[in-house]
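Think of it as A, B, C and D in the order they're written, each chain with its own count starting at 1.
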Amino acid sequence: MRLWRKIVKTGRVAEPAPLRDPDAPRPGVAAELAGSVQIRHVDAGSCNGCEVEIASAFGPVYDAERYGARLVASPRHADALLVTGPVTRNMEMALRRTHDAVAEPRLVIALGDCARNCGVFVGAYGVAGAVSDVVPVDVEVPGCPPEPEVIVAALRGLTGR
Amino acid sequence: MSGVVGAVLQVIVIAVGSPLLVGVMRQVRARLEGRAGAGIAQPWRDLRKLMRKEAIAPHGTGWVFRAAPPLLAGTALVVAAVVPLVTTASPLDGVADLFAVTALLALGSVALALAALDTGTAFGGMGASREMTVLALVEPTILVSIFALSIRVGSTSLGSIVTATVEDPLSVISPVSVLAAVALAIVTIAETGRIPVDNPSTHLELTMIHEAMVLEYAGPDLALIEWASAMRLSVLLGLLASLFFPLGISGASTGALALLVSVIALVVKVTLMGALLAAGEVFMAKLRLFRVPELLAGSFLLALLAVAASFFLA
Amino acid sequence: MNLVGTLFVVALSGCAVAAVAAVLAPPRARLRLAGWCTAGAGAVGAAAGVAAVMADGMTSGVSAGAGQRWSAWLPELLPLAGVRLAIDPLGGVFIAVTGVVAVCAAIYGIGYCSHGLDGRAFQLVLPLFVAAMLVVPAAASVSTFLLAWELMAISSLLLVLAEHRRRAAVGRAGLWYAVMTHFGLVTILIGLVAFAAGAGGESFEQLRAAALSPAAKTVVFLATLAGFASKAGIVPLHVWLPRAHPEAPSHVSALMSAAMVNMGAYGIIRIGLDLLGGGPAWWWLLVLGLGAASALFGILQAVVASDLKRLLGYSTTENLGLVLVGVGAAGFFAASRLPVPAALALAAALLHVVNHAAFKTVLFLAAGSVLHATGTRDLDALGGLRTRLPYTTAAFAVGALCASALPPGNAFVSEWLLLQSLIHALPGSGVAGAVTMPLAVAVIALSAGLAVATFVKAFGVGFLARPRSAPAERARESPPAMLGAMALAVAGCAALALAPTLVVPALGRAVGVVFPGREVVSGELTLRLTGVAGMISPLLIAVTLVAAASIVLGLVRVSATRRARRAARLWDCGAGPISARMEYTATSFAEPLERVFDDVLAPESDVDVTPMKESAYLVERVRFHARVPDRIEHRLYDPLIAAVSAVGRGARALATGSVHRYLGYGFWALTAALIVLVVTW
Amino acid sequence: MGVNMTDAMYVQLLDLACGAFLLTGVLVLWRRELSAIVWLFALQGVALTALIVVLGSWQADLELILVGAGVGALRAGLLPYLMRRALVAGGEGRETQPLVNVATSLVVAAVLAMLAYALSQPLVRLSPTPATQAVPVALTVLLIGFFVLVTRRRALSQLVGFLLMDNAITATAFLTTSGVPLVVELGISLDLLLAVLVLQVLTTRMRAAFGGTDLDELRELHD
């Protein structure tokens, strides 16, 4: 009962959907997915800043799920890999294998500056390189960490909604 | 004739509508959580997308792994054709009764469990083991509830049970029906892997039952499994509705209009129940696996009391 | 002599020929000659059984003892009593089942025995065992019955002991079996002799006509029930079964589990329902209760067993338990004057006997094939046999499907029939029925559910995934004779599963022996119960299932854009490859159920920690040991054995080695007996 | 009385009341939260009231209806209120580890229901009216109450078990003889009230003294 009152009182927290950015990068394969993108998140060595932002992107306020994006539990179920952090040596092989486990057509999103170009970890010991050095990247999301709006916009580019 | 049309109609309604039911349930949940939700057509978009993806044969898997998804979907379709949802006069009504329907649904689960074991992964084995545990414990409740329902009619044929209720709708308001309904509702939740028995949207492998079994499937295989799970859910909800609230269901000889009304009634009933289930899930947490037997023992007790009540209060 | 008699005699002679061939033929030809002769004898025996059932059909209106039935009296074959044989449809069913199982087992034996089991003795005993099992249901007098029964017990004991030189466990299993089977024999002997004494004659005709006091009837029934229950592996007399079945050669296990244990059910039906003509309701509630307890206990032990053949053995206990639930229900309904459900329940029990024989033959033969290929029965060490033993895997899959009582398997039909009989009995069965039937339904349901889990485990862990040990990796498919036998049994399963409408009416005639004058079911495609509402069509279920699955596959073909299936690594979370040690084993598969039923199963586990020499905090080795003992054996038999051995040790004091003392015992015993005689006469 | 009831409706209402009575009894066995157990007990009080009122209006007996109202006030109002106060004062919210685990006790309850049914058959056969046919329900609740009393550790859930038994006895009395004399009913009710009050005082004191009401821990006081 208490929960019910809370639900009624809170109502809808999701912000109204902003207009879709028509310039958001939309790789060719994304058209084939037609409004449904299942995402497997891979932490390849992130500081967890990006993870916090992903969590809020999928939280009630930004609600990335309303655009047809959904986080899933297995790369087999996924269409896109959401990779965060510079790829550490320990995760290099794991990332390749995860990429291999995804069925075609598949996409890779490099989320955050570390994933795009290793960010502050460039040349660090233990870092194998940026995500694009390991697997082909389709979409890059800049920021350290990228704001939820930016993440959502990038995902909307993929789902086309 | 109208029986055949009705049976075809209900298969089509279930096949097309069940992903939408899942969509509705997700939407209800999203709204209660303050989110906007992806729209009720999202499961269909997911299925369309999955059909366009490639299928994967993991190393070391074989025919069992490949045969399971079509078999699972096949059992769901057969059950959808047999169970009285739109019409009580399905031409397949004599082929399978309530026992057979239960066994067919179990056959689907078994196919999936074997496929999960076939992958040889730890998660697959875990999912299969848990699914079979739940299945084994659910069985007594189902059969005893069937027993309770069949006493009034003297038959386990679904058609006759539902027809009898249609003819005397007030007979549902009796302890027997209420107890059996509660027992079957709990069983339905357990069979379809909803909260509090299983969480269909969990990401944590160690808490999974159903999801752990399908971790290796991709593309069209996965599409079949998701579609089949949606169909099982809607068939079971529809069956509950028909057994305890058969308003609007068609009999043997009815016209096109009556069939249309039945279809609408089915859609409304199942949607309402789905929404109710989804809303209920918001308020509940998943039970620990070893608390599930308690829940099932409770439902068994209710089913047995339903039988007992039918002689207590006869 | 009519057709049935001719066929039966030919079958027995076939067994004799096989036995002679086993002794006389040169070692190279021995296996084939004896095997094929036994198989032929089995086939003819099966034909005799079927003929006995069908011949009676023409005169189904005529009551028991009609002239059509074959019977024979051979006074000179045995001193004193002679041999009296008669085959009615009830016996015919059991003869037919035994015959078919014998065909499969004998053909299988040709391939299976080529390594070490091709000795004279073993090959000689096997046909004798088959012959004994053919004679038991045909026996028509107490002496014939007991003789055949003892022959069956002795020959099966010898077969169980066949491999005692290779494994020590065989000897222990044989000891358990010998004790239990002879305990059974003694109680049956007491019961039947008391019966014959009361009836003033020993032929079954005379027994049927006898008018015993209710108390005497009860004594006879309980004594024979104990004996038959021990043969059927019913709790708490089942202890020999999970020991003897794993240790016997696999085709012998099949014969024992699919044919011999049935004789226990046969005995209860024959003595209780036929010769004693029913009885008070509590007899049958007792039978029902024993059956229910066995069904639950058997399947619970099976679900946690990790030895493949032990699992199958416990599953036999479960299935015979279900048969007894049917028999008990039939007797109970008859006692409550409900003829329709009574006939239905007995038909269900008989159908389950037939179905169980079919799938258990497949399963034991397939298990033997696995044993032959890998040398192990431990499910935790198997796996990955799907690619290595494709035919065996397919056969086991069919058997497992049938055993788990799911459509389109055969056990589904018999359990459905059983449930229908229980449900339809309700209106008239009074308080006892109203209390018992729901519980019986629940027990059947739970055992069916657990059977599903058991066979998913056996098939999924034993045959699918990847091999868990080197022997499983090196496994090779078995020789054609073994595969052929399995194929035959699989065909039997499929026929029973898809066309029960052909079999059940025939069983109805066997039911007619006990409850004369009514048909149980009708219909060609659809099994329609007569007298009560209820129908089902296993064939159409199978057809629609195949059709639906094909439609689904067609839809996928049409709508999928990428046709090719890509091979990929198993998803290992990106870490190293998944090794066979990471797979779920049979033990881990059953763990949740073991925990749920932990009050009943009482599993034992101990952790053995060996610390390093330097410090108690550093651990060198941790051993975890878990097992689920048979609780009945633990609680009931262990104290009993301890008591007996205590008495034995006490008795040792009597034996000092002095000859005078021994003679003295004899003297005092004789005088005491004489004194008692004098006093009491 | 002015309430007009058809036969069928009377039977249906009676059956529903009995069903609710039974269901609440069973649920007491099922739930672990003490607050839920108290709630269920209150609901059972309501079901009992409904039962008596239905019986009363069928027999057009004003006194019976009044007794029903009194029973309702006591068992659905006062006793749960007192127990909730004891609960709030106590703070321990759950029946953590009953002597027989919940799943097993549910199965036991199933067997008890069957036993109750078998037991009450001679009684029903004596005068087979709809009311006497519901006697097995009351007997089942009686046995379940006893079982709760035997297997639960918390003083409060034991109290509920005891009260379940009393509810069941009351129900049996009304179902078989359409009611005990008012005086007896009043006496029993007062007794109950007294018992609950004493227990409440006792548990509060006990908690103040030893910090818990787990009866097995109390045994240690003995040593």
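The working rule: a contact is a pair of C-beta atoms (placed from the backbone, for glycine too) under 8 Å apart; a residue touches a chain by one contact, two chains touch by 3 or more.
According to UniProt, the chain labels map to these proteins: A = Ni,Fe-hydrogenase III small subunit; B = Formate hydrogenlyase subunit 4; D = Hydrogenase-4 component E.
Computed from a prediction, not measured in an experiment: that's the story for all the values here.
Between B-D and A-C, more C-beta contact pairs join the chains of B-D.
Chain C has its Cα centroid 36 Å from the Cα centroid of chain B. Per-chain CA centroids place chain A at a distance of 59 Å from chain C.
Spacing of chain A relative to chain D, judged by their CA centroids, is 57 angstrom. In chain B, the positions touching at least two other chains are 52-56, 215-216, 219, 293, 300, 304, 308, 311. In chain C, the positions touching at least two other chains are 434, 438-439, 562, 566, 568-569, 571-572, 596.
In chain D, the residues touching two or more other chains are 101, 103-104, 114, 117.
Pairwise chain contacts in this structure: A-B, A-C, B-C, B-D, C-D.
Across the interface of their complex, chain B is touched by residues 12, 15-16, 18-19, 22-23, 26, 30, 101-104, 106-107, 109-110, 113-114, 117, 130, 133-134, 136-137, 140 of chain D. Residues 303, 383-384, 386-387, 404-407, 412, 416, 419-420, 423-424, 426-427, 434, 437-439, 441-442, 444-446, 448-450, 452-453, 456-457, 459-461, 464-466, 526, 532-537, 540-541, 544-546, 548-549, 551-553, 556, 559-562, 564-572, 578, 580, 582-584, 588-593, 595-596 of chain C are the ones touching chain B in the complex.
Touching chain B in their complex are the following residues of chain A: 3-4, 7, 10-14, 17, 32-38, 60, 63, 65-68, 70-74, 76-77, 79, 101-105.
Of all the residues in chain C, the ones that touch chain D in their complex are 431-432, 434-435, 438-439, 596, 599.
For chain C in complex with chain A, the residues that touch the partner chain are 562, 566, 568-569, 571-575.
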